[in-house]
Structures are given as structure tokens and as C-alpha cells.
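Common to both upcoming complexes is subunit A, partnered first by subunit B, then by subunit C.
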Partner chain A sequence: MTVLRFDPRLATGLILLVPPVMLALLGLLWLPHDPNAMDLAHRYAAPSGPHPLGTDLYGRDVLSRVMAGGWRSLAMGIGGPALALVVAVPLSLLAALKGGWFEQALLRLNDAVLSIPTLILTLLIIVGLGASLMNAVIAIAVAIMPKFLRIAHAAATRVAIEEFVAAARIRGERTSYVMFREMLPNIMPPVIVEGSIFIGFSITAGATLSYLGLGTQPPAADWGVMIKQSWDSVRSSVWPIIGAALPIVMVILGVNLAGDSLQDRAGISKEKAHV
Partner chain B sequence: MPVRFFLRRVAFGVTSLLVLTVVIFLCTQLLPGDAATVLLGDTATDQALEEVRRQLGLDRPLPVQYLSWLGNALQGDFGRSMALNQSVSALVWPPFLASLQLAGIAFVSVAVLGIAMGVAAALAHGRKTDWAVLTVAYGGISVPEFVLGPLLILIFASPPLQLLPSSGAVSFSEGPGDWLRHMILPTATLCAVLIAHVVRQTRSGVLAVSQSEYIRAARLHGLPPGRVTLRYILPNALTTAVAVLALDIGYLMGSVVVVEQIFAYPGLGRLMLFSISSRDLQLVQACTLLIGTIYIFANLVADLVQGWLDPRIAERQA
Partner chain C sequence: MSDPLLDVQDISVSFRTPRGLHTALRNLSLSIHRGETVTLMGESGSAKSTALFTLAQGLAANAQITSGKVLFEGRDLLELPASEMREIRGRRIAMVFQDPTAALNPTMTIGDQLLDVVQRHLRLSGPAARRAEALDLLQLMQFPDPGRVFSSYPHNLSGGMRQRASIALALAGQPDLLLLDEPTTGLDALVQDALLRILKELQAKRGFAMLFVTHDFTVVNAVSDRICVLYSGEQVETGPLAALCDIPGHPYTSGLLAAVPHLGTAGLPRPIPGQVDRSPERFSRCVFCTRCPMVQDRCRSERPDLRKVGSREVRCHFTDTEMLRVPRPAEHKTLRKPDGSAAPLISARGLAVRYDRPGMFRSRASKSFLAVRGVDFDIYPGETLAIVGESGSGKSSIARSLMRLSQYTSGTLSWEGKEVGPLGGGDLQRFRSRVQMVFQNPASSLNPYHNIGELVSRPLVCQGLQRSEALERTKRMLDAVSLSSEHFLHRRPADLSGGEKQRVALARAFVSRPDLVVLDEPTTALDVSIQAQILGLLAELQHETNCAYLLISHDLALVEAMSDRIVVMRCGAFVETGPPADIIANPKDDYTRELLRAGGAVRLA
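Moving on to the complex of A and B:
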């Protein structure tokens, strides 16, 4: 690990990330208004003291809705990659350790799945499972899994030839012990750093699904659902779309900036971990 | 190009295609309401459902259903659309051509602009042009299609400007000018993220090559800088760019779906979303198979082009 040097990208990234993430987390505990309370007398209100981001077409408080729905958008961004990680890492450890036909079959299958366009695969899985927040997380996880598996497998093969792995196997340790106690701690840091590029992608994919009506189902809202509803009524007022689009753009830009900075530090080329 | 390399890539393409068909078949079979329920509605009796299932062959074992579906699909027969009551193959053809135009124009724009801007940024490494291009690229990557598309409609297709149409499409034969006007906003939306991506990759590709030993040697040897750039740096950096473009086709296919929906563009992606929301299985299968096949084919072409540009890749994989 190199000495932490000031990087304007990392700093800017974090500054952009903090407000929307804090609002989404705070929204789990406290909201300024009921996010679903309609107030038809105050539709399309401009930002003001009681409504810092204005109100939407039903007079609902935009800030409260951004805060109340934020966790769903972030859940898709974190949940998708996390689920992919939980499945891909053990598989790749086992493949790297066992080698042979299992590894070959897994990699071939992986390459074949990789040649299905990501969003098409996501949509197919939604077709199979039905449209909901949970299924959107699963669909995103499955769709990014092949890319994740490549990263994890590359890290696992680097570790599998280390002497301490050979030593553990000669000692007669069980496969699960070698996988999770010896190899896992060594592949997690690179896999997490490289995997972080999927967060921005997953947040966008999740919001896209919600925008298309295939993710979070109204009346529940997330940032994608809010953006869809705000665009439909944009001729009447631009305030709802600004409130709904700003958090997601800030998060994606923040994740990209901070992620690039971290990857440069870790000496990883973006090419290798292409999304 | 070694024959082994060629055959290997083709075999991989065919395998991918088979896996794609299995995934499509499984996903459309997992669907909770099966075709019989869609056809008869929720109020149908169990007996009527059984009857329709037998007629449609849904009572057969899954592998048998898969093989008969695959056999029909290979002959271009995707069954009948339940929602539109038309033959699926006739239904997907016009949208397929429309999507091909949109994706084609977007791809060419991405390739030309992305590589040109990426090279320009790399050659101006650390100077103002470099920073400007990088900043724009970050912006492009961070604004999703469903924010940028409607924004462009709001600016260019709404009062007071109203320069361009906000939705729909016109065929080229009806009027090339009108055709182009309908293409501009969807293409611009499609390009933003991808250009940004290609710019960044091309830039780092060119930088990596220009910092290599043999370029240093060429410079120290006293070759004129323009010649070093044109003859030694760019040809080598081009392989990276082609690889990136190939991978981006997959992203493009996904974006096309979203962009067609935003601009009500009558293409395959919009048809696919319609088929999903109306639970029209035959149509879902045909749309996803077509889109997936184009991607696999495009990847195959890109692999072969890379092997041709850089014989070392072909040798390694042969």
C-alpha cells in the first residue's frame, strides 16, 4: 500500500457521495414529511423552507421521497455486486483449487454467459422471476456475475500457487479450510477494489429497471421511479426532476471518481475490469 | 490468420449461441403465469387450462419442449404473438431493421468520435485539451440515458426551440431529411455514455503505448514526432480501441432498449419491453434471441478483426 496521497478525484468523489447517501440512510429513521401524503393544493411547488426540493404532481414533498426511496436505489447498487461476490468468490476459489474439468467447464460456461448483453440478461431474468425490488437485485447480480467471476478467478489462481496453500493441503486440511481460511483473506482486497466498479453500474441498472417499470413497484418509490414520474410531468414543473435526478447523478459520478482513484492506487487498469 | 484461431472463435460463437437459447428458454419457462393462463385469463377453469396446455405442447417434458422450440426457431418460426395475434417472425422484422439503423449510426459515431477524442486527449496529455476531454467524459459516464434522453427532449424538442421531433421514426425512403431529424436525439443519447467510455480507454491505450520502450527508442533514434505517432503509436493503440468497441456493443444493445422506450422509437427494444409487460412469451423469446445473436456475431467479427490487426493475439489463441 502506497502512502495515501491527496487525490482531487477521491476527494471530489467522496464529497459528491456523502449527501445523497446520508439522506438515504437518514430516510430510514426520519423523514421531514410523509413521502406519500398528497397535498393537491400545493402541487409543483418551487423549493421553499418546508419543501427544500419542492413538491411533485400530487403535492408530495420531493425531499421526503428522495430520502424514503434512496435505500432502494442504493440497495440495488450494493446488493447486486454483494450477491454476485458471495456466489462468485467460493466458486472461483474451488475452481482455482481443484482445476481440471470443473475449472474448464466453469470458465467456458462463464465466457458463454458473458456473451449475452448485460441488460438483456437482466431483463430475461426479470421475465422469469417477475418485477420487484428483490428480483431486480437478483437479476443484476446474475447479470454481472460472469464479469465478477473472471476477476475473482484471476485473483484466486494467483493465490492458489502460493506456498502457504500447498503447505495447508499437504498438512491435510479440508478443502473448505484451505478455501476460506487460507485463500479467501488473500483474494478479498483485490476482488473488492476491482468489484467496486460494478456499484455505479448496478445503481444505474437498478434505476433503469425501475424507470422501465420492472424494478421497484409503485406506490413504493426509488430514484428511478421518481425520475420516470417527474419526466412525465416535466412540462408543468422542472423541480421534481431536478430533485430526483440530482442524487443519482451525484452518486454515479462520485462512485466513478472515487473508484478510479482507488483503482489507480491499487495499480489496476480499468481495461481489465471492463464493465 | 491461422485457421485454428478462426475455427476456435467460430466454435465459441456457436457455443455462446446455444447457451443463450437455453437461458432464454429457461427464463421464459420460469414465468409464473404460463402461456395458457395468458391466453384464457385468470378466470379459466383448470380443465380448459389443461386442454390449451396440451394443444400448445406445454405438457411435454422441458428438454423436449426446448428442442422443438429450438428447431422451429432455427427455421425462423417463433410461433404466434399472443398479444398481437400475428406471426412473430413477421412482427419482429421491421423493428429489427429500425433498431439496426439506430444502433449502426450510434456505433459509427461512437467509434469515430470516441477514438478521435481519445487520441487527441492522449497526445495533449496533462494539458488543457486533455483535462477538458476527461471532464466531459466523466459527465457522459455519470448521466444515465433516462436522465439525458428526456433532458434532450426538453431542450431541443419542446417549446420554445422545438428544433427536432421528440419521438417516433420515419423510414429513409419517405424522406431522408425527416429520417435524419428523428435519428439525432436518440443517437446523441445512445452515444453519450459510450463515447465517454471509448475516450477514456483509447486515451489510456495510447498513453500506455507512448510510454513503452520501443517508442522511447524510436524517439531517441531521432524519428520525427509526427511519424512516431502515426506509424508506431496509433496502429498499436488501435487494437485496444477495437477491443473496447467490441465490448461496448453489448452495452449499446442494452441502451438501445432504454432509448427506444424514451423516444418511442419503433424498434426491437421497445417491442421487447412491450412483450415483457404484456407477458407475450413468443415475442420475448424472438426479441431477446435476435438481440443476443447480433451481439454474439458482432463479437465474433471483432475477435477476428483483432486477430487480423495483431497476429500475436491470433497465435496465442490458436
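Moving on to the complex of A and C:
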């Protein structure tokens, strides 16, 4: 077991990540106010006791909206990469193991999709599927999948030539065993690290889609929608935008820092660390 | 005796780690004179590379030299300012590294890299003179076409040629002292032999001294004037080559000599029991006391001094040389004589393996490579058949075809009368349980994410055995290879030493009670003293189960100790075959003769 040294990047990353994620999770169970309750008498209120983050252009409590909508932003930000991973990893393992035309075809198809700029790709998919949270998750997943596949495949080809994989084939293990039990643990470290960085990208993509009205549909809230709705009224109150943008920034920074730190300690080394 | 060129006085090196100061090397004293070759010999953990890097001033940032001086022509290198050290490096002291691919700049031609050094360190009249000097150097390294090498990039050259180029680079500054860190690792026997010969010739011509670091006795024998034996960071013996090999002064040296297979001596090499002691307390007593056959109480509590014994220095409490004669190799356990009249387990006729270039489109026939060119052989129950050859000879391709990892392209390869290629269903199941393989590198043949219990029991589970029974047999197998099952069952490979990992690989191969085990260089990646342990274990397992071995190796001495029959292979074809005694006493083919010569028997009393 490697000695866990105090890593300031990992610690900072986690410190940044925990509040927004906790708020979003808490928001599934309890909210200080009804996020859709309008109070036109108290629009653009500054932060105060009952409204720690103030109110927005319709008098709705910003904090409640941040908490209520958080899960949607996280769904896009984490669900997107997760979906991409679940599809990309088995494909790349199979390709690395089988090789031949299957591998070549997959890689070239992958290259083709990679060549389309990511945001444009997500927009095209949404236009095709229709605007909704679910479709946004799918669009983000499809846009990220080629990048995942590239990384997973590179790691998989390195593992495929290891002698323990040959040993498994010699004793007649099923292909699924070789892929998931022999190869998968060995490619997870780089995949997880890259995945954590893709989370940051996906949060931004999700917020962008919602901002453009192509993701979460109002009156449902998520952080992107909140930014869109409060953009024009920023001179009246800056708090609605801060309330929505701050968790986005914190999640992205936190995930990038943690991912960086994971990169340095990824994986089980094959040799005992010689002092 | 003239003053030494390099005088290492009482050097100790420690490393700063998160867990504290870790002593790697203690009190090394060594002198090298002009024109002589000294070898630092040791196994892994001996700190021989640390010693070398201390001299080259190339230690890691967390290294601390806690005592001693390194006097080069009277000046202490450790005290020199960086500017003066730069003058010395390359011009007076040069280094050759273990991996030439890492030592050569991949973006520059060999010629340019040579010119770099020549320009930096030699005062020559102009570009023409420098170029002539560089070409001259390549000529000296006996390249058949120096001009071509001059304009080649490192990736255009083979491994052996790259190492020659990096030696040329080291010699370009005309140094007085050459430091070499295992320069022939990974090179074939004949390539290694040629390289070492060239070095000795150049040394005679140019008069530089050499400090070799190696664990390979063949190298030691080929180049050394004097040897310094290191064990776990302690200098245990230093002396002239002949004296050390005839009558070793230290029990470790004699143990090492007994653990190496020697050409021309029958019987298994004798292992040194146990493992290297790496605990920090080892320096307050004799480092070798945990494994020494002559250990007394005094050894466990008092660190011996380095004392002069004749022409040698020995760090041992007892210098009674009579007790240290190298013990004769162990008698080969009486095997049940392989039954020649029984049907062969494996039969090959006209076996050929062709590799095509990988890719989507079939390449032209001329681009494919014939690795095995129509060979015939049989393997009988209970016997050990060895295939000896260098890399590229095709020996691994035969193993891979037999194990069905790659397809043989023509000829027949049959097991119990059935063709191996198209085996299916129940036959295939039985084949898999009866024919097993042990790979060369224990670090990569065991999945680092699986525990030992799973690794060893997997073959049984694949054959349909119940978990509980598989576990039972696994435990018994682990005990049979001297890995106590309670302790090792749940460990992962990273917790094990190289020797222990290879034992796990053996357990995995034998757990299904095979008739034939293919051993692909089973001890090459291991330390010398551990190699002998594994060979002993292999002999024992064969004795108990009467299984046959197909032993693939480049090491003729090892093969002689272990086999009933040898096949010498070269460029895809069998060159010579017969019992070891015949082949070694009366080689019929020139290639076999060269291999025997390059194998370099170590002298024994």
C-alpha cells in the first residue's frame, strides 16, 4: 500500500469539490424555499438572512435554485463522461485484443468523429434529438466518447501485449474475462485521470447547452439556465449569476486539481518501490 | 606500484527518503590503476550502480555521500567545483550506460554526436580533422561500414551496434578511465562476446582503465583484472580474478561461484538459501550472516573489518581458506529415465512459422518473415528438451505455436497424435490442462491487480473445477514451491521478490499437473543466487511429477545442467542436436563452437 502523502493539490481539489456537490445532493432532499416561488415584491434582493444568496429577477431564492438545479448540471457533467466511458472502454479493450480490421475500422471511425469540433457536435446532436436534459447528457457523451476511446485504446494496446494476457489466452479464458478481469484494472488509472478532466469540460458544455436553451428547459433550473436568465439583469443584481457560476467554477477547478494529483499516483506499480 | 589513477577511499552513500535516511553503500574502498580493468560485481540490491554513479558524480538529488573521498589523480572529485568537473567528464572520465537507446540522442546522427564530443574535448585543426577522428573511432570499433554508421541515426542500428556507438562516443574524448554500467545487458551471447573483445583490444591500444559494473560472470571472466564483490551495500571481497575464482576468500563469493552453471561441469548449480538482507540493522553485523553456511554468533553481532588476505581484501571474521573451496555442484537427482520407447508427447514435422506484416491490407509476400523454417522434433514423456539460440533464432516462435498463441503456417505439430492447431472442445480442454507455460519475466506474467491465490487457481477454474477444490489444490501447490499459503495467498505480485514471483508462475503452471511445461528463459530475469534456487525447484518438480520440459534458453551452461537433449537453433533452422555432453565436448557445427566459446566457462578449482 503506498503511503498516502499529504498532497495540497488533492486536498484543495476536494475542498473545492465538496460544497457544490453536497449542496446539489442536499437539494434532492430539502430546500430552504420553493425554487419556483416568485415574489415580485422582492426582486434582485441582496443576500440576507432568509436569502443567503439573494433573489433573482422573479424574486425566487437563488440558493434554493442552485440546490434544486445542481443535480441536473452534475448529471450532465458526470453522467456524460460516465456514459462515454461505459461505451468507449469495452470497445477499446475488444479492439486492442482482437486487432485486425475491427480495430482499424473503429479507430478510423473514431478519428472521423474526433475531427468535428466538440461543441458543434453537441449542438448538432441536440438539434437532431430535441432539447432536453437527457438528450444533453447523450450529446455530451457522444462528443467525449472519441477522446476517451483514444486514451483507453492506447492504454489497452500496451496491456494487450503483456505476458499475463497471453497466459490468460493460453488457459482458455473467455474473451470477456480477459477484457474485464485481466485488462481493465490495468487501464483504469489513465482512464480515470482523463475522465476527471472531462468532467470539467462536461460541466461547461452542459452549462453552455442550457444557456443556449438546448439543455434543461425552464421552469426547471440548472446552473446554466440560471446564468442565462440573469444575464441581462446583471446590473440590478450580480448575485444570481455568482450563485450559479461559482459552483461551476469550483467543480471544474476541483476536478482538475484532483485529476492532476491522481495522475501522479495512478495505478499499482509492478515493482516494490525500492527506497 | 605506481599511484592509482582512481582511488576510492571509504565511500558511504545514503538516500533521504520520506521514511528517513537509508544507507545504501558503506565504506567502499577501491583503487584502479592505469590500464587495468576492475569489475564491481553484485546482484540486485548490492549498490553497485550507486557506487558507479558516485564516481561519475551522477547520483540522484536525494543522495548524500556521508563519508569518503574519490581521488582522481590525487584530486578529490567530490570537492571539485562544477566547472572543473565538466573538464574531467568526457575528457578524462567517460561513461557507457546500460541502455544505448537511452544514451544516444535519437534526433542526431551518430556522426554528429561524435563530432560534438570531439569538438568539445579535443583540440584539432579543423572540421576535416575532427571528421577524420570520428571516422577513425568508428573504424576502431570494428564497424564493417563506418561511413554508413557515421550518417545513421540510432534507430537505424541494431542493439549491439548502438552499444558500440555509445562506446565510441565515450572514447571520443580519449578518456583515461571508462565507467561501464552493465553495458552488455540484453545483448546476445555472440554480440556481447564481440563487444567485450573490442573493448579489451582498444584498452591495450589506448591504455585507458575500465571500471565495469555487472552481475554476469561471463563478463567478469572476459574482461577483469581485479574484481570487487559487493553484497547488499557492503564490500565483501576484492582481489585479482584468478585468485578469487580459484580460492574465494568470502563465503558469498564462493556461494556465487557455486550458484552459476558452468560449462563442462555436470549437475545442478548449488543455490544460496534465503534472500538478501536489506534491513537497516545489517551494517552493525556481517551483512551475509542470514545466509552464510559458516555463520557463528560473532557474525550476528559484530561487523567484520576489511582485512588483507594475500593478494586480496576480505570482509569476514574467518579467513580460513580451506573451508571456502567452491563446492561441487549438486548431483542431479536420479530422474526416471525418459522412456524412449513410449510414444512422444509432442511431434513436429516440417514445422514452419511465417509472420506477415500486421495491418489492414495483406502486404506483398516478400515483406513476410519466415521465423521457423521447417523443423522436426519430438518431445518424450519425462524428458527435458532444450532449444538454444540467440534472439531471432525462432525458438520463441516454436513455443508460441505450441501454446497456440500464434498459428504455425505449414508442417505438422501434433500432441498425442492430434494436430495442435485445430484442437477444439474436450480435446482442447485436456490439452490446456496437460501443456503449460512459464514465461521469462515474472513481473509481467502475473497480473499486478490479482492476488496470488487467484493467479494460481485460475487454470483449475478454467478447467471446470469447483472453487473449493481449486483452492485446496492451490494451497498445496504453493506449499510445494515453498511459499507458505497462509502468508502468500492474499498477497499481490508487487509484494513479492523476483524469485518469489517466478515461484508463483511455476505454481500456476504445475497446479493442473501437466505432462509438458514450456519454460521460456525461466531464470534470465533473476539474480544469480535465485536462479539456482529456481533451477533446483524445477528439477524437484520434474522428479515428483515426471513431466517433460521444453526449455528455451540462450544460456548453454544452464541448458547443460538441466537437459537430456539439446537442439541448437539459428535463423529458424536446427543446426545441431544431441545430448549435452556430446554437443559440448564435440560440437560439429561452427555456430555451436562460437556459442560455446562465447559462453565463457568460469574457472573452477
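Throughout what follows, the second predicted complex is superposed on the first by the 260 of 275 C-alpha atoms of A that agree within 3 Å, B and C clash if a C-alpha of one lies under 4 Å from a C-alpha of the other, contacts with A are read in each partner's own complex, and residues count from 1 in each chain.
Criterion: contacts are C-beta pairs under 8 Å (C-beta built on N, C-alpha and C of every residue); 3 or more make two chains touch, one makes a residue touch a chain.
Keep in mind the model is a prediction, meaning the values are calculated, not measured.
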Key: Touched partner set for A:Ala166, first subunit B, second subunit C, both or neither   = second
In the superposition, subunit B vs subunit C on subunit A residues touched = B
Inquiry  = Going by the contact rule set out at the top, does A:Pro219 touch subunit B (first), subunit C (second), both, or neither?
reply    = neither
Task = Could you say whether A:Asn186 touches subunit B, subunit C, both of them, or neither, answering first, second, both or neither?
result = second
Key: Contacts of A:Ile252 with subunit B and subunit C, given as first, second, both or neither   = first
Query = After lining up the shared chain so the two structures overlap, which partner does A:Arg235 touch, if you call subunit B first and subunit C second: first, second, both or neither?
reply = first
Request  = Return first, second, both or neither, reflecting whether A:Gly99 touches subunit B, subunit C, both chains, or no partner chain.
outcome  = second
Ask   = First (subunit B), second (subunit C), both or neither: which does A:Pro8 touch?
value = neither
Ask   = Following superposition on chain A, which residues of subunit A contact subunit B and also contact subunit C?
value = 269-271, 275
Inquiry  = Which stretch or stretches of subunit B touch subunit A in the complex?
reply    = 12-13, 15-16, 18-20, 23-24, 26-32, 138-139, 141-147, 150, 154, 158, 200-201, 204-205, 240, 243-244, 247, 249-251, 253-255, 257-258, 261, 272-273, 276-277, 284, 288, 291-292, 295-296, 299
Task = Write out the stretch or stretches of subunit A touching subunit B in their complex.
result = 108-109, 111-113, 115-130, 200, 204, 207-208, 211-214, 224, 227-228, 231, 234-235, 238, 241, 245, 248-249, 252-253, 256-257, 269-271, 274-275
Parts of subunit C lying in touch with subunit A, wherever the complex brings them together = 15, 17-19, 22, 358-360, 403-405, 428-429, 432, 436-437, 439-441, 443-449, 458-459, 462, 492-495, 497, 508
Note = As the complex stands, subunit A meets subunit C at residues 3, 5, 99-101, 104, 162-164, 166-173, 182, 185-186, 268-272, 275
